[in-house]
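Input: structures, listed below.
What follows is chain A paired twice: with chain B in the first complex and chain C in the second.
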Partner chain A sequence: MSETRGVLLPAYVLADESGSMSPYLGDLSDGLTSLCEGLRAEPMVAAKLRLAVLGFSDDVQVRLAVADMRTESTLPQMVIRGLTSYKAVFEDLLQRIPADVQWLRGEGYKVHRPVVFLLSDGQPTDGRSWRSPHAQLTDRSQTPTAPNIIACGIGDARADTMLEVATRPEFAFVAKSGTDLGQAISEFFHSLTSSLVASGHALNSASPQLVVNRPEQFTMAIDEV
Partner chain B sequence: MNPPRVPVVEHHRLTLGGQLGQGGQGTVHEVANRRINRAAGGGWDVVYKEYAAAVLPSLQPDALLARAELVGELNAADAAWLCEKTAWPAAVVQRQGKTCGFLMRAVPDRFRFDFRTLHGTGSTRRLATMEYLLNDDAYVAGVGLTVSTRDRLAVLGDLAATLSRLHRLGITVGDLSPKNLLFSTSPQAECFLIDADAMRLRGTTVLPQAETPDWQVPDGEEKATGAGDVYKLALLAVRLIARDQTAADPDVLSAVAPALADLARCSLDTDRKRRPTPALWAEHLAAAVATASTVPAAAPTTAGPGTGPVLQTGRGPGSPRPGGPTATATAPAAATSGSTARARGWSALAASVAVVVVAIAGVATTHSGHSGSGSAAAATSATAEPAPEDTGFTDPADPDADPADPGLPDPDDTGDPDPAEPPASDTPEDPPTPDDPVADAEVGSCFYDRGTSGHADLEATDCTDGAFKVVDIFRGTTDLDACDDVDDNDESVSSSRNDRVLCLSYQSSGGTAYHADQGDCVYGTPGGSWGTVSCGTGNFKVLAAYRGTGDHTKCTSWPHYNEWKTFTVSHDSGLDVLLCLSMNYPDDAGYATQRECLLKSGSGGQATFTNVGSCAASNVVVTGRTSRYRAASFCGNDGWTTWEPTDYPALAYTVCWRST
Partner chain C sequence: MDTDNAPVPAGPRDVPPPAAPPPPPWQSVQPWQRITVGTPGPEFEALPPGEYAYDVPDTECDGWSTGELAMRFASVRGAKHRYYRQPRQDAARAAVHAASGSVVFAVADGVSSASEAEQGAVAACRAAVERMLDLLDGAGGRVDLRDVACRAADRLGELTRWRLGGKDPEFSEVAGLYATTLVAGVVRPHPEGPVVEVCRVGDSGAWALDRASGRYQQLFPTKTGTDVLLVSSTVTPLPHVPDPLEQTGRRLSPGEVLLVGTDGFADPLGDGDGQVGSLFAAHLARPLPPLWLAHLLDFSRETFDDDRTLLAVWPSAPGGRR
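Let's turn to the complex of A and B:
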């Protein structure tokens, strides 16, 4: 039989915990709950995924470490705090992702290219300083484990920023103007779950592919520019 | 006489309710205005599966219609059974005369369970798919299931019996996977099969045969055969007991019943000729159920954050996962295990394995190189990947994949083309020839098979040693299992072009004893040809006949075993035969052991010794035994009886006895 223990997809959910998300903490928690429960109820998908949930603000804090959702007994809790530092996000991922991949390999797994889902409700408050770590993170010659990044903007987040963050133009989404933010958050997690479930099936099929579903109430950011 | 009811419904006549599920092949909806089988307590709820637009071009509407019509063609008992065990297509649905889906019964409620959520605010009703059972006990109990090892074996036993009957009806499951197998443990352990439209019926399929990742038959093997179903049944057996989604080592079954481990090993053989029947699985599972543990999976004992096992298999605590505050790892809860079989029982179990191994030699499912493989060539893993229409967009091939990082495959670089598809180069090499051996074959014709595994390449020849002789022909079918009950069948060859199946019997240079079964008597001189003979003193009784092996150590546990015979086939060890043999001695003295009581009748050279099962009813007791002939001095002053077979002097004996 195979020498390896299978191929895993590491998936990182980066949720904005800045102060402006305060009114939507309930929606954020509900969304994370439905994501985690949705994966737990799909054990064949959960077995092929390792989910991490990171809250970002002035820094990045781990709400769920790379987990097999079948073995988790609690749900991640978000904490509203501080500003919106994209630099903190990408500097963190630049360290975290290679280390996680190395760890998973050490456990005997092969690893698909990691995927990052970023949900932000505002423009970065740290100006342009995030572009350097972002460039380094997404450059596959510098970072062999460079992730695919899907960026979803709600509220004040702008389409052009989402397009800069996402690794492909088709991976950038913004909520339609006038959309209720709570509903947009809910839709983000809904499509995230279905994308991961579909990817979990597709990555192990004869024609592996990452599947990204557009959240309801969102448009592709590329259509906005 | 009423014309047969044509099971076709126009889409606009359906009142659809909510969507119940979505997959790569289509979506399933509730149907509000239809019932199936009203005779059964008001009937069954109906659901509608609509095929995705992406799969319609490869849909075979006639094959779907044939499924809907099957229920009316079967006898009442088979029809009722089929509808009880599967979500069999009941009617074809069309839009303006074009097939777009079908109706089937809704899943019976006993195949659902209350899925317990983590945050403890209740539960959701979900289909009880087998996938939930292929995880450690903490997970199983955590999602709200109460399942013991006995339940697992009993569900598996019901599945084995179900497969056996499906195969008899000309149905093979094909994509047997934990996603389309449902289970119930109450009121009794049983299974229910969904995605029945994907099953293969009499060689036809509605959509190209697909397989689930980690649930594929060996590379190059034809999909959706009976032997393929048995392969996957064995995977399921291993994984249900291992509580793991990808385990494949049959040893895990030894703790439950050694016979099951042995059966799984045969079933996972890449040579499908060596795989046993589902009926044999059912038989052994029934035996294993009787002794298996009834203790259900333990509920999670840890409620603290993140203290569940990080690793999914029992390799002990892993290294802590990085980056988290919750990095402790505990070993999975120990699985309950069943008792092991007794030594004598093992012999008895091995006996029935041997019997059925003979029977399954008929599943030697090569298919003709001439068979029309158009549908197979179109096969894709349609169910495994979401159709483009279902998704926003996909990440297509990454042109800039990093070659310097081979250990990190891109999502698009781990795939390989469908291994079951014949290479495209087959087609030009394989034009129809004027003398088509399959079309011209008659019972009694002989062929050499020049083909490789999975593909026969028949060449007509005289009926000499090393040839295959046609022992039966089934017309109007390509079902390779048709030969299962044909005597001496070793290989089945189907041709869809000729719509027939040839049952072939290997002509061994070793003689007709090659096809001997357990209980037959055989004889041959050492190194000579062996034939099947009527049982009598001096010839051998077949204790067990093993196909596909020459390993005579398999014989050692058989009572009265004292000789073995192998027939080896140099170009195909799958055709090897091992016979475990027992000499037919003149009377019970031959196998008597010291202190055994016997009834001696007659006297002198005419004396006969019989084991009557009771010392009180006997008149002599055995005082010694040697394998030398006429060893009178060995017996001292005791009486003795002696015998020697002409060709096998090593099997001679002198047995000493004393009157009681």
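Let's turn to the complex of A and C:
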């Protein structure tokens, strides 16, 4: 039967769990809580999203598997550990996203192009090795389910790196110099929630589009390079 | 006064009570219950749209028949717009060309990012219908659908110019105010079966529904076909008129109904072989009351919260039976 149960936007939050995030674990947890509560407060929008939360450092660990936030009752718990391997991130997404899209389609849904929100507080510690899986992930001819990537850098993360990670220049942001990192994390999640809600409104309309709101205390990375 | 011999007024004890009148038949009539398909969406009382959207009712419907064709349309505000205090941004209009008996129609879906999308949709429909009536009046009654689409786009430009106080608008200003999809066309009566000519700008759809089998044949490619891995997010609405314009034509057999709908109907319909397709195939087998079409179209199904508009044209069978 080809009748669809709905059209969903798979959204992935990639949060940096490397050691340097240790002072901000509470801010991360608070941000995730506000994200989950914000989506629950918008059940009509949440019905059209499936949210996954992944923690990354030396590898990627699932903190919340692709979930319907209207019914999901557990809060993702982040764990501080290891270094900052971007290679692990993009290799994981290369496997994960096509599999998730296939699974959702198998469940009877149609799927919008997935979106990844990446929050990093530092430069990748794996040199340039991440560029190859990143290129493969974002090349729509190689990966038909290639996601849109929004990259937000705080702390030591550089604007040029965020620009390389993001799939469009206007999707790359860095925290303004001197911004409190805890506040920046809070703003990241605030913006993430509003972007998902706005995108949820714009989906399934005559002009479905991804809406990305710049977090307060962040600037466009393109303005910093 | 001798109270013992005083006349006793007639009272209720002396006259058998009249039989209770039967309840009026309308007492047992219940309001229509919302139709649900699969898992319903949330139920809530609709909120009013903005102050200046008073001219856009939540629901619109219309219906009439000529000797050869029957037309119905309905347009209902989606749950998302009812919840977030926005007006319906879909529109439909239809008219009969008296001299030829042709039915001209237009269905539009205002783009939500346009600030006056609801007005854009109505204006595009009106302009398209008026232009088709004009063209049918011309020699040979040929309807140039590109001309029709361009006239609708021009109308959006004129509205923008008026809005800007006479300043010639940029294309982006027109799109920012009034961008809308459009499906417009004409159904001409013919002894061998009515002939449909239809064009579209954007992603609204058109189908020929076979009444006997319940199968939906799409007249334009769909954006969410089963073979598409991801849903496309590329829609190019009016005021852009693509070159070439997407248009098609075919004859309707006596057993077919022409359907034209916005994506609020097309998305849950899919290929038409599921529950939504079955619901509409069952009820569209013959012309139905316009209010019932609106009620049907307002079905509840989780995640499908867009405005919905559906227009249908049935051919008459010989002898007037539809």
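Here is the rule we use: the second predicted complex is superposed on the first by the 223 of 225 C-alpha atoms of A that agree within 3 Å, B and C clash if a C-alpha of one lies under 4 Å from a C-alpha of the other, contacts with A are read in each partner's own complex, and residues count from 1 in each chain.
Just so it is clear, a residue touches a chain if its C-beta (ideal position, glycine included) is under 8 Å from a C-beta of that chain, and two chains touch if they have at least 3 such contacts.
Computed from a predicted model, the values in this text were never measured in an experiment.
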Both complexes share chain A, so when I overlay them there, do chain B and chain C fit or clash? clash
Identify the partner contact of A:Thr145: answer first if only chain B is touched, second if only chain C is, both if each is, neither if none is. both
If you tally the residues of chain A touched by each partner, is the higher count for chain B or for chain C? B
Quick one: is A:Gln209 in contact with chain B, with chain C, with both, or with neither? Answer first, second, both or neither. both
Which partner chains sit in contact with A:Thr71 here, chain B, chain C, both or neither? Use first/second/both/neither. first
So in the superposed three-chain picture, is A:Ala52 touching just chain B, just chain C, both, or none of them (first/second/both/neither)? first
Would you mind checking which of 5-13, 167-175, 239-247 or 293-301 on chain C runs into chain B after superposing? 293-301
Overlapping contact positions on chain A, where the chain C interface meets the chain B interface: 1, 5-7, 43-44, 47, 101, 105, 110-113, 144-145, 201-202, 204-210
Note: in the complex, chain A contacts chain C through residues 1-8, 43-44, 47-48, 101, 105, 110-113, 144-145, 201-202, 204-210
Under the touch definition given earlier, write down the residues of chain B that touch chain A in their complex. 24, 115, 117-119, 124, 126, 131-132, 134-136, 138-139, 142-143, 178-179, 213-214, 245-246, 248-249, 300, 302-313, 318-319, 321-327, 380-381, 384-386, 390-396, 398, 400, 402, 404-405, 407-418
Given the complex, residues on chain A that touch chain B span 1, 5-7, 9, 33, 36-37, 40-41, 43-44, 47, 52, 62, 64-68, 70-75, 96, 99-101, 103, 105-107, 110-113, 140-141, 144-146, 148, 168, 170, 191, 195, 198-199, 201-214
Chain C to chain A touching residues, read off their complex: 38-39, 41-42, 79-80, 83-84, 89, 109-113, 179-181, 202-204, 224, 226, 228-231, 233, 235, 237, 262-263, 267-277, 302-306
